[in-house]
Amino acid sequence: MSAAIEVRAVEKRFGNVSIIRDLNLTVAKGERHAIIGPNGAGKSTTFNLISGHIKPTSGEVRLNGDVISGLRPFEINRRGLSRSFQVTNVFARMTVWENVRCAVLWATGHRYAFWKNVDSLPEVRERTAQILDDIHLTHRRDVPAGLLTYAEQRELEIGITIASGATVVMLDEPTAGMSHAETDRAVSLIRRLTEGKTLVIVEHDMSVVFGLADRISVLVYGHIIASGTPEEIRRDPKVKEAYLGEEAH
Amino acid sequence: EDTIKIGYIDPLSGGGASVGEGGLKTFQYLADEINAKGGILGHKVEILPLDNKTNPQESLVQAQKAIDAGAHYITQGNGSSVAAALEDFVTKNNTRNPGKEVLYFNYAAVDPSLTNEKCSFWHFRWDASSDIKMEALTNYMKDVPSIKKVYLINQDYSFGQSVRSDARKMLGAKRPDVQIVGDELHPLLKVTDFSPYIAKIKASGADSVVTGNWGQDFALLLKAAADAGLKVNWYTYYAGGAGGPTAIKQTGLDHQVFQITEGFPNSGNQTAMDFEKAFRAKVNLSLWYPRAVNEMRMFKAAAEKANSIDPVKVAAALEDMKFDVLDGGQGFMRKDDHQFFQPIYVSSFGKLAANEPFDEEGTGWGWHLVSRVDTPQAMVSTTCKMVRP
Amino acid sequence: MLELVVISTLNGVLFGMLLFLLSSGLTVIFSMMGVLNFAHASFYMLGAFFGFQLTKWIGFWPALVLAPLLVGAIGMAVERYGLRNTHKHGHVAELLLTFGLAFAIEEIVSMIWGKSPLDYRVPALLDFPAFTIFSTNYPAYKIFMLAVSVVIFVALLVVLKRTRVGLIVQAALTHPHMVGHLGHNVGRVFMAVFGVGSALAGLAGVIAGPALVTQSDMAASLGPILFVVIVFGGLGSLPGAFIASLVIGLVQTFAVALDGSLASAFGPLDPSAGPSVLTDIWNVTIAQVAPIVPYLLLVIILIVRPMGLMGTRES
Amino acid sequence: MLEVRDLHAYYGKSHILQGVDLDVAAGEVVSLLGRNGVGRSTTVKAIMGEVAPQGTIRFKGKDIAGLPSYKIARLGLGYVPEHRDIFPSLTVRQNLLLGIKDTRRPGKWRLQDMLDMFPNLAARADTAAGVLSGGEKQMLTTCRTLMGDPDLIMIDEPTEGLAPLIVQQVGDLIARIAEAGVAILLVEQKLSIAMRISKRVYIMGHGRVVFEGTPDDLKANAAVRQEWLEV
Amino acid sequence: MTTAPTSTSKVAADASGGSLRFYGVWLLGIAALIVLPMIFSSGGSLTSFSLIGIAIVFALSYNILLGQTGLLSFGHAVHYGLGGFAACHMMNAVVSHGWPIPLPFIPLFGGLGGLVFAVIIGWVMTKRAGTVFAMISLGIGELVASSSLILRSVFGGESGITTDRTALPKMLGWSFGPQLQVYYLIAFWLVLSAIAMYALTRTPLGRISNAVRDNPERVQFIGYDPHVVRYLAFCFAGFFAGVAGGLAAINFEIANSAYLGAIQSGLVLFSTFIGGTAYFFGPILGAILVTYLQLGLTNLTGVWQLYFGIIFIGIVMFSPGGIAGLLMMHRPLIRAGTLWTVIPSYLVAIVPTVALACGVILTIETVARFSGGDPINLFGIAFNPTSPVTWIAAAVLVVGGFFVARLTWRRIADAWDRAATVARDRGYLA
């Protein structure tokens, strides 16, 4: 069985700066994989490379065994990979309901249809309602997304990401800016929603990382310096030095 | 008693506004003149100003508005493209709404096709069509031996094209020795700098330029010529329009710019000159449209002859009607195509002689008679197959 | 032939510089504030009419200074009381505001000065041929226009390099509050930029007024081509606008100078075919299509290089 | 140096600040703590004039309530907002240069100092700031405000989204700023840094200050921590 | 008929009554279209209604771009114009070949004309949104308009091509000579197109267009290619603009280059924005207002352009959501039952505001007619533009009106705040 995501010898240069150097990463199917690393290490860039937002300078990325590097984001998404953004990135003028429904449409096969009434597509409606329920935003369904509070927007961001039913979900700092209580809620939400799926997550909040991840990779200066179970990572002196500092839990 | 409403459909905004305003003032002056003498058969005349923005489609909206306001007559002049649309419109309107006919008096749109293949019983034209004018102009030019190389520059639309093709045809026939060294069409009212065109004229070695340009297309053309120091003779249709005289004076082309018209301020005809004087005093413009005077006065005469202001009867009365025109001599409205024929003048612009009282645009220069073509010589044939109601 | 080439080149450069004179203010405003100012040509017209009136009262040279200042003041008022309130509603609203303004200005001008062209003359001091080449005169006034354009170009380049106004405005487009927190008076900077842009348009009006017609429709006839210049040159790039002006001036002039058509190159089509699109295309001369060449250039460059000739960003 | 008395502020009709009082003396480091949404950010925004304030705000003895924010900034009050409002289309260098209020009067902090302090920024000096990583953006905003040579700097949640190691670095940076004699009003959630470097702490709840004291006072007072900080 | 974001909690309760109300609005609209000409039967009103109908279809088609997909086009008239030409050519062809196609089908060919061009040119145009798209559309607009003057055999040069709608095969005994019959034809197509365009907003494509408008980048990560979405929206907009052009061709029996030009493109942008892009019915209101102003103002005053400009500046500055936005602002208040608290302040404000407006009008007309000396007739009172009395009256109205009006506007704002707070408390306002 092939891995969900395989990144092989990927390099990414901007101008003459190499941001990602010889990146190798394997995420097995069904695994919850966290990527941690200092700011500017290239975590978001890695997400961008995998999701097709930018193209690698060299190397290749595989999704479920197929090469996807070079494909456009929507092509990759259609193959079952979905991601969220570090900076909230929702459809501000549309309601919460519309936001999620848009994310459901492609996966339910309605594509660019201009002969169907969106309101009378039962499977779309059910799925949207289900997801709103999951992310606890049902009571806010008719509020324009731009008017939600920050934490609610982060939750909506997660909702949009999982709405397509992708088997591989990538979340970029989903709990950034949330309070402790909100973070706890988000973590259990993520755990529940990604049940049976492959999850790749970037986080700086170590409680989240250690609470959620099966495996952790540490990215420093565009290169993975360590990869392993939470326990191994916690003990790794290189990681301590480069990332955790004294504050390690 | 009812007033007679005449819808004046011409540009009152946009690029053609300066010309349209002049026309409006002229017609209002003429309406006042008629009203002061008791109107037409006791009816007062009222001019409804309607802005068509030089746009054929907008003209139809305005024509409809005129009709809704109770007008049975419309008049228009600026632009043959508009005229074609209006002529078509009145024809359709009159067949579809019998009993509510509308007459269209054309005072300046001179594309020959309006009285040839497109002719309509409901359309009457008081201006000489462009081929008549070209006939007269080339008749004068053929006797000027110094003309050897001619350059044609015209606006790229039906009127400009007919000037161009008539000039080629007629010059070719009357002066086969004259060489056409250039034949230019440029977009209508869009060029802001004519220097490149002047450079071409210059490079061609032309000694004369023939142009039907009007409005800013004429003023800018001459301005560019003045800047570049181009010294040629200009044979024009509309050098007298707004901005033209100023540009000529700046160029210093003393009596080198010729214009072909049905009348001009210093024509020497006393009644015309009296009229000009009164007109200038009141409106503060020179009379660009002597034909408008003929149009309005003849309309009155026709209504009185028919003893009715019903458009159909007036139209019938106009057919083949003879009329003494403002600048002297007799003209007539040909029944076959509803084209008015009248004496035509070639005049030149420059320093004024003692008996020429009128200058233009405060330049101190004015129009001077060069040659006159009488009505019978200013006639052309027509292909019109008039459909009468 | 050589004569035509030389003269066309000269004419092209002169026309191009006039375009630059007209569009420099628009570049400043558009590139810095992102406002598609449809009233720019109207400010240009105001400059011409103010120039005409002031010339009558106090002479050309004082008018050359005063009229742009007046127009600049009007521009500042427009920014302060109009655009500033509209800014938060997005670029379309700003654009429509200037659209409405263009309408109003045209009518106000024709209310005051009428619709006929004015007799606005070149000042006597510059009313002589500067030089003659192939027996064609080049009026001193045109050379003066050229000089002014170049001076403005250089001055703007220096000012924009030297001051941080450009940076402040660009930063304020995304985070106006933050720029304020850093101690910059954003409102005043915006007002000044718009004022300078308008004043440049006014200057162009005073200068171009005598060279072209000064008439109440002069704005409408020049509007779109200015956008072509600055977009073609690349948003945010003054050198781009300068080069684009030259390119468009030259291309258009040479297009007029060329008499060629497909018919003249390959011989006329079979006349029995009758008129069709093909014959239209076959017979049209390059001179006839000259006015649309700039738009063709615009479309092509945007498709190939969306940031324009020298631009660094797309919008 | 900064004196806030009975400060009220509204968003539309909702009454967010209901009488905040606080003081910062020259050169002092003070933290403003509290749970999410209690109005800490609103307090600093009101001081800067981004939210219309009601009440008294004095800075260096001058009443600044209601002044436009650029005037407040020119008095020497710096502000680093929580959402990292960097100017994305400008380069890192240009962002930093914009922090300078008056190019003719060089301040304490030079461009080079900043780049030296954060090698990450130095390496990206000429790239558009929009592509910086989240952490880099945070450093940039703080440095940018420092370039304006403030006497008091108010920093809103500087460590949000930063890696643990960088959090320490930012802590060090703040300490360095304080050493340079700049007063600091730190708005934070992470207790650890605040406790380490501040001289005094305020805790906000329900739109007003509910606790004031030294870090040691706070350590000693479990009830306050429990009730107002959920820890 | 709205795509508005509405209230939070009361939606479910409205749902059952909603569909009834929804169809009610449409049926009411159709009924109005049918009876309108019976109430206002003069030739003038028929012409106006016809033009307004055409303008509505055109503006709605534009809103597919601007309001739904966020594409600002300066060249939308290209499709309108090409639709007009296609319809004219088709009518002439029907007549000359004797095809059995009656007039009511012609707008379809207009639509195809607009569509074909959109299909051909759209793919490169919609590669990007924003300024790039806007500028390309400006360029294409000018290109097509200018080319239409060169390609004389198709476009007929400056004067365009004409046609005769009555020469087509009759349908149901209608010749379509009288304007009334043309009006009903336009009304029929108006209803048809409006329903179709409304339906489009309710389809997956319509919704994704909204998403592309809000955030094209994110759309890519939910499986959609924003380029394709923009392209499809562009094609639909082109089709319906073509239908509008076809209707215009039928109405005027002429198509000329002015159809294609910048002025038409500008007008439709105006109408749409002024009406309000956020609501489906916004462009309808805008089209009605703009067409009406265009037809009506020119009758009232010589300086109509100035009023046109001022009205637009006013709307853009004071009601950026357009007329629809202004109206819909009141909806939560109506639902919350607090509208009545605002009405009195409106009534109070009317008097000084009208006085101010009269003062402005009087000032403008005084200046405009100063040299001509024609009297100004304002609500039946004649003013002499050269008399100082008029100037003083104007000055008093403007200055006094402004200061009093400003006070009353503040009152409105306060009353609004109060009413909105209540509405928010009751959950009708987010």
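Lettered A, B, C, D and E in written order, each chain numbered from 1.
To be clear about the criterion, contacts are C-beta pairs under 8 Å (C-beta built on N, C-alpha and C of every residue); 3 or more make two chains touch, one makes a residue touch a chain.
Here's who's who by UniProt: A, D = ABC transporter ATP-binding protein; C, E = Branched-chain amino acid ABC transporter permease.
If you're wondering where the values come from, they're calculated on a predicted model, not measured in any experiment.
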Lowest number of touching-chain links that must be crossed from chain A to chain B: 2
B-E compared against B-C, more contacting pairs: B-C
Maximum centroid distance from chain D, chain identifier (CA atoms): B
Chain B-chain C separation of Cα centroids, rounded to whole Å: 35
Approximate Å spacing (C-alpha centroids) for the pair chain C, chain E: 31
CA centroid of chain D to CA centroid of chain E, Å: 49
Length of the line joining the C-alpha centres of chain A and chain E, rounded to whole Å: 43
Chain C residues counted as touching two or more neighbouring chains: 106-107, 288, 291
Residue ranges of chain C touching chain D (in the complex, touch as defined): 164, 167-168, 170-171, 174-175, 177-186, 313
Residues of chain D that touch chain A when the two form their complex: 35-37, 120, 123, 127, 131-136, 138, 160-168, 189, 192, 230-231
Residues of chain D defined as touching chain C within the complex: 48, 50, 68-70, 73-74, 78-79, 81, 85-90, 94-95, 97-99, 101, 103, 144-145, 148
Chain E residues touching chain C - in the complex, by the definition given at the top: 66, 72, 124, 127-128, 130-132, 134-136, 138-140, 142-143, 146-147, 150-154, 262, 266, 269-270, 273-274, 303, 305-306, 308-313, 316-317, 320, 367-368
Complex contact set, residues of chain E against chain A: 5-9, 11, 199-200, 202-208, 210-211, 213-215, 217-225, 228-229, 232, 236, 430
